[in-house]
Every structure is written in structure tokens, then in C-alpha cells.
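Next up, some structures in C-alpha cells.
Consider the two complexes below, in which chain A is the common component and chain B and chain C are the respective partners.
This part shows the complex of A and B:
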């Protein structure tokens, strides 16, 4: 009787209904999001290096932000874009934003609108404000990606004769000073694909521009060789990387805004523990069954 | 004859693509700039028109022949037409020729994007977490020593990169970082070299006309 019950239990361990797994996972993700708590994270070296690289952009140079992330990976990468933009604008760095594919333009526009809105709502004077054309330019998109990657080495306005809003690029105040990669302090590529490798192959190898990367957790492992060799000045991996950058921005610049990635750390932690727990349960069941056979 | 022209074009432009990386002379660099900024851009525009035409043709054909799920093709065509009109005449953020707002509700490309594309695409991808949890429970088993090693490494990296890792052990985040920096990089670098050499060999075969599968057909 006891043996039968035990066998049944072991069988159940290996055959948990997927709806139960989905339900538990949904619960541990939704609950902490309903009652958001920003979890403190300790920034790791790759993120610190990226932060320093952006922080150390010389005054006469600009940050080139490639927002090549699609809506699918928005949750992971958008907080990176927002954190980097907050950092750059707070330090009065000049910013150029672009996307290499058309479906990413809306997200870049959204991040820019949010961050410039945050700064401008607190600005007292014109000098405090973040003004389009003076402090930042949204270059938009030009196909295929190879054209801007190589072309900006010679002339940014040549590759983007008009910006995203249809303004003639070379008439904008910022673009009078930022001509090509020589005027770029660092290029930060936010992407979930192999685009950062292409920036290294075309823009860095040929023109020597520094490249920093923010990527999804799943593609992070692919980029470590480039970080180790110094081809990437810094690396922000997944939502945790974004939370670390947010931490650095808040700590060093005292910017108290909503921290999307930090608030997602708690559900992410719980979700990881649930997944690990189910893997352990599955393996326990598997080993007992194997021994029985 | 048709294939020969394509082969000659690939050979010429393949070589022209390599030369600027090797010769820094202004004549070479300027010609390269002209090819990229003018010729390539025009070709890309043609490719875009061709792709859109092809997309519409495939779906129109699907509707005409009443193929499986042909109704969805109507959704695509209608969405295509509506977003094209708004995009072409309404501008990216309500700055175009057409007034793209109903009262206080803006109806420009950015609004469509933020309210339709982002939620749909994000939701699709978010579902992955559930499938991944279920699949890892069913398939991630320590069946062999290699699988066990993978399982252990995955656990170390997963826990090591959680914000609570340092509360468990101060050495855990550093160890997870080491797993990514040393064994992972060693493996990745080997794979990268292999891919790079393979890409060089395949590119040379295509440029020299040895590999012709891309032309289609049997020969």
C-alpha cells in the first residue's frame, strides 16, 4: 500500500502538468510586479567599465547610441537605453541615436521621449533643458546596416541627410561639430542579435571607434570573448546588467526616477528559483525511476 | 548567359568589397564610399520595393486560391494598407500631410507602434518564459556526465547572476563570472575561429564562382 503510494508520487514528480508549472510561474512573476520593490544589485566589472566609458566621453565628442532592439526584447533592453540616456543627459554629453532596422525606431523614439521629458520637466532654464538639435539628434534609419556602419566613418550627415523627423541633418547645431567617428567618444549598441559584432568588424576595425554593448541575457555568453579582448569597452548583460547600470546612475548622479530593471529583479529572482526547483524535482524523479529500472 | 552575368557581378563586387579594407589610397576609399552610399542604397531601395511587392503577391495569391488560413492574409493586407497610408501621409509622430488624430487621440505611426506592435511582440516573447520553464523541467536531466556538467554550470551561472547571489555566498557572483570569462570564452573563441574561417572559405568560393547554389537551379 505504502509502496504503491510512493510509486505514484515518484511518477507524479516526473509528470507534473504543465498548467501547474505555468500557474506557479505566473504567480511568482505577477505578484512582485503588482507590489513593485526595487532590489539593490551590486554592479559587476563589465557594467562598471561601460559606465566609466560613457562617463569619460570628452566634451567635444558625442555618445552614439544604437537602439537596435525589437519589441520582443524590450523588457530587457529598454531599461538599458533609458539608463544610458539618463546618464548621458545628466552629464551633459551630446547624444546621437539611431537604429539599424526599421522596426526598432519606435522604441528608440519612445525611450528618447521619456528621458528628455524627465529632464525637461525639471529644467528651470534653457541651459538645463535637453533640446533637440543642440543636445541630441535622432538620426533614424537607413538600410542596409552596412551603409551607416561604414559610412559614418567618413560623414554622418552623408549617411543620414535627413534625421528621423525629416530635418536636414547638417543644419542641426550638434551636427556642425559631430562629423564622423572621430567625433564619437563611444558607440553603445543595444541589441539582442549579432549586431554588436558587426560594429566591431566594420566600425571599430576600420575606424577605431570604441564600442560598448548592452544585450539580452541569452546572447551575453556570445559577447564575452569580445569583452575579454577589449573590443567591447564594457558589457551590460540582460535585465540584471540594466539594473546594475541603473544602480550606478542613481548612486553617482542621484537621479531618482523609476527603475524598471531593478523593479523586475524580484520577479526574475523568483522565476529563476521556480525554474531551478522544477529542474531539481524533474531530476529527482528521473533518478528514482532509473534506479527502479 | 543570365547566370554568367550574375557570377561576373558577384566576382567584381566581391573583390571591390575586399579591396578598401586592404588599400587606404583615397581613390580606392572614395570609390568604396560611392559604391556604398549611392549604388548600395539604390539597390536596397529596389530590394525593399521587391520584398513588399512579393509579400503582397504571396498573400493575394493565398486569398485567391483560398489556401489554409487565407483569412489571415486579409488581416496582413489591410494592416499593410492602413499603416502605409498613415506612415506615408501622417508622418512618424503626427507631423505629416494628413491630420492623424481623432480629437485628442493621436493616430500616427508611433501610436500604432506603441499600442499594437509593442504589446503584441512583447507578449509573444514573454510566453517563452513559460515554455522554457516547462521544457527545462521535462528535458533538462542529468542523463550523462556532459549533461550533468551543463546542468551544474547552468545552476552556477543562474544563481550567480541573481541579485541575491552575494547573500548566499560572496564568492558565487565571482565564480559565475569566471565560468563566463574562462570556460565559456575558451569554447566561444574556438567556435568563432571556426565560423570565421568557414565564412572566409565560403565567401571565396562564392566570389570565385565555385559555389553556385545561391543561383538556384541544378547546375
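This part shows the complex of A and C:
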């Protein structure tokens, strides 16, 4: 009788309704979001390298931020964009922002508006403020991606004659000093596709631009070899990478703002435990069933 | 709880819930959300390309007298010959130009960035040992990468039966391939969980106002 009950239990283990699994997963994600507890994130070397590369941009050069992330990967990559922008503006680095595809423009603008708003709400003087045209420029979008990648080696204003808002680019104060890749300290590409490899192939191979990357976790395994060879100056992978960068920004610059990725680390941990548990349960059931046959 | 009063947040939240409902089973709410997404995405792209590319880059300069652009206009228009069976072969011209351009632009650059530099990264040199930032352990990691690359390549060598030395190296190669798949799968799980968390952050925060 005990054996029959046990067999029935094992059968059930291998046939758990997927809706139960989804329900449990939703619960372990929602509860830590509603009742958050602090989870310290330890920054890894690839993220620290990226932070140092942005930190060490010479005063006469600019950060070129490629916000090529679409809405479907916003949760992973947007916190990276916000953290990098906070870092750059806090250190008074000059910033150029662009997107290689049209769907990404709105998200890039949203990140810029949020971070400049955070700084300007605390600014006391004009010098403290982050001002468009002086401290940053939103270049917008020019298709196809190969054109800006190669063209900016000669002239950024040539590739983007007008910025995202329709201003003539070469009339902006910042663009008087930032002419081409020679004036770029590092190019940080935030993307969920193979775009960072293209930046390496065209901007780095031909013009020697340093490339830093923030990518989705799915792309992580593909991109580590490029970090190992030094083609990427630094690398942030997935929401965890974003949380590590947020940690560095808060720790070093004492910027106390909302940290979307860091807040997600606790539900992320619990969700991984649940998935591992179900993988183990499924495998135990499978092996016992196979032995029975 | 502080419900959002922004109608756009409500639309986004209800569409998110409609998509989530597919996890229970296929239903009309899911299908409506799916169709709305496809329609909106296509409409957005078409209008954006029209107003930001075709009009300012092609039509305005063309009608202002830059007649050279008529060549681009004609080549682009040839894509539509696909809908006229008698002259549909003309579509090969723009396709050929596109393939030729991108092949020429990509192949040399990709060979340099993704093959030559990657092979350089595999060679056992003191610079590569130092690149790991791991002290003496850098040598160990470099040797592992070196063995891994050689063994994995030997697994994909099919001109000789996998026996003897080749049998051993190809078996080691499989281990490296499996570890690679495992890492990729683990990262994929993390990515999908991240997206789920992102949606819940929106639903519980921006929409319901339960979390700050």
C-alpha cells in the first residue's frame, strides 16, 4: 500500500500542472517586492572595469551612450542606462546619447529625462544643473546602423545634422568640442542583440574607440569572450550587472535614488531557488520512473 | 495602495494582464492584446520611417532638385515589383545590391573582430594571463580556455572517425560544449525572470501603487 502511494506521488511529481508552477513563481516574485529586505550586491570585476572606464574619461572627451534596447528588454537594460547616466552626470562627464533603431528612442529619452530631472531638482545654480547642449546631447537615430558606426569616425554632426529635438547639431555648445571618435572617451552600448560586436568590428577596429557593454543575460555567455580579449573595456550582464553598477554608483558617489535592479535581486534569488527546486524534482521523478521501467 | 490615475498606465497594465492570461490558457483577451501589439508596432514603424526617413532624406531633397536621388528612389521602388508577376524578377536588383553591400562591409570587419582577435585571446601569452586579473590563476584559466577551444574544435572535425586521440579530445570537447550550454541556459533563465520581475514592478508600483 505504501509502495502504491509512493508511486502515485512520484507520478504526480513528474506531472505537476504548469499553472501551479507559474503561480508559485509569481508568488515568490511578488512577496519580496511587497515586503522588501536589503540584499547587498557585490560588484564583479567586469562591472568594476566598466565603472572605472567611465570614471576615467578625460575632461576634454565625452561618453557616447548607445541606448539600443527595446521595450521587451527594458526591465534588464533600463536600470543600466539610468545608473550609467547618474554616474556620468555626477562626475560632470559630457554625454552623447543615441539609439541605433527607432523603437529605442522613446526609452532613451525617458532615461535621460528621469536622470536629468533628478539632478536638476537638487541643483542650486546654473553650474550645478545638467543642461541640454552644454552637458549632454541626444543625437537621436540615423539608419542603417552601419552609417553612424562608421560615419562618426569622421564627423558626428555630419551623421546627425539635427539632434533628436530638431536642433542643428553643430550649433550646440557641446558639439563645438566633440567632433568625432577622437573626442570620445568610451562608447557604452546597452543592447540585447549583437550590436556591441558591430561596434567592435567598425568603431573599434577602424577608429580605436574603447567599447563598454551592458547586455541582457541571454547575451552574456556570447559576450564574455570579448571581455576576456580586452575588446570590451567592461561588461554588465543582465539585471544582476545593473544592480552591481547601481551599487558602485551609490557607494562611491553617495547618490541615493531608486535602484530598480537592486530591488529586484531578492525576488530574483527566490525565483532561481524555485526553478532549481522544480528542476531537481522533475529529474528525481524522471530517474525513478526510468528505473521502474 | 495608490492606484494610478494615468489612463496610459491602465492601458499598459490591462494589456500586460491580458498577455499573462495566456499562462492559464489561450483566450480572447490574449488574442486582442497580441493583435493590438502587432498593429501598433507596425503602424508606429511605418509612420516613423515615412516622416523621419522617406520625407526628409528622399522626397524633400528630390523635389528640391537633387535629381541623383531618383536612382535610390527607383531601386527602392523595385521591391514592389514582387507584387506584379510579369516583372517580379526585378526585385533581385535591390536584393542583390543590399546583399552585396552588407557582405562587403561585414565580412572583413567580422573576421578581424570575431575570429582573429578571438584566436589571439586563446594563445598562451603573458598578456593573456594578465588579462584575467587573477594573479597566477590567470595561467590556469588561460590553459583551460586553450584546451577547451582545441577540444571543442576537434569535436566538430568530422573528416575522421572519433577514435584514439581524436576520440579523447572530442569527448573532452563535449564536456566544454555542455558547460557552455548550461551557462547559456542559466543566463536565459535569469533573463526571463528579470523580465517577469520588471513587469511586476510596473504592475505593483506604477499601476497599483503598492510598492514605491
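The rule is simple: the second predicted complex is superposed on the first by the 290 of 293 C-alpha atoms of A that agree within 3 Å, B and C clash if a C-alpha of one lies under 4 Å from a C-alpha of the other, contacts with A are read in each partner's own complex, and residues count from 1 in each chain.
Throughout what follows, a residue touches a chain if its C-beta (ideal position, glycine included) is under 8 Å from a C-beta of that chain, and two chains touch if they have at least 3 such contacts.
Being a predicted model, the structure only gives us computed values, none of them experimental.
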Chain B versus chain C as contact partner of A:264, first or second or both or neither: second
Partner chain(s) touched by A:31 [first = chain B, second = chain C, both, neither]: neither
Which of chain B and chain C A:22 touches, first, second, both or neither: both
Partner chain(s) touched by A:216 [first = chain B, second = chain C, both, neither]: second
Chain B versus chain C as contact partner of A:284, first or second or both or neither: neither
Touched partner set for A:159, first chain B, second chain C, both or neither: first
Greater residue coverage of chain A in the superposed arrangement, chain B or chain C: B
Contacts of A:7 with chain B and chain C, given as first, second, both or neither: neither
Which of chain B and chain C A:73 touches, first, second, both or neither: both
Shared chain A contacts, counted only where both chain B and chain C touch the same residue: 18, 22, 25-26, 29, 45, 72-75, 103, 143, 146, 206, 217, 220-221, 225, 228, 237-238, 240, 268, 271-272, 275
In the complex with chain B, residue positions of chain A that touch it: 16, 18, 21-22, 25-26, 29, 39-42, 44-45, 70-75, 103, 105-107, 109-110, 142-144, 146-147, 150-151, 154, 158-159, 164-166, 206, 217, 220-222, 224-225, 228, 237-238, 240, 243, 265, 268-269, 271-272, 274-276, 278-279, 281-283, 286-287
Chain A to chain C touching residues, read off their complex: 18-19, 22, 25-26, 29-30, 33-34, 36, 45, 72-76, 102-103, 141, 143, 146, 197, 200-202, 204-206, 216-218, 220-221, 225, 228-231, 237-240, 258, 260, 263-264, 267-268, 271-272, 275
Chain A partner contacts - residues on chain B that touch it in the complex: 21, 29, 32-33, 36-37, 40-41, 44-45, 48, 91-93, 95, 109-110, 113-114, 117-118, 120-122, 124-126, 129-130, 132-134, 136-138, 140-143, 151, 155, 158-159, 161-164, 166, 173, 177, 180-181, 184-185, 188-189, 192
Chain A contact footprint on chain C (complex, rising order): 23-24, 41, 44-45, 48-49, 52-53, 102, 105-106, 109-110, 112-114, 117-118, 120-121, 131-133, 145, 180, 183-184, 187-191, 193-201, 204, 210-212
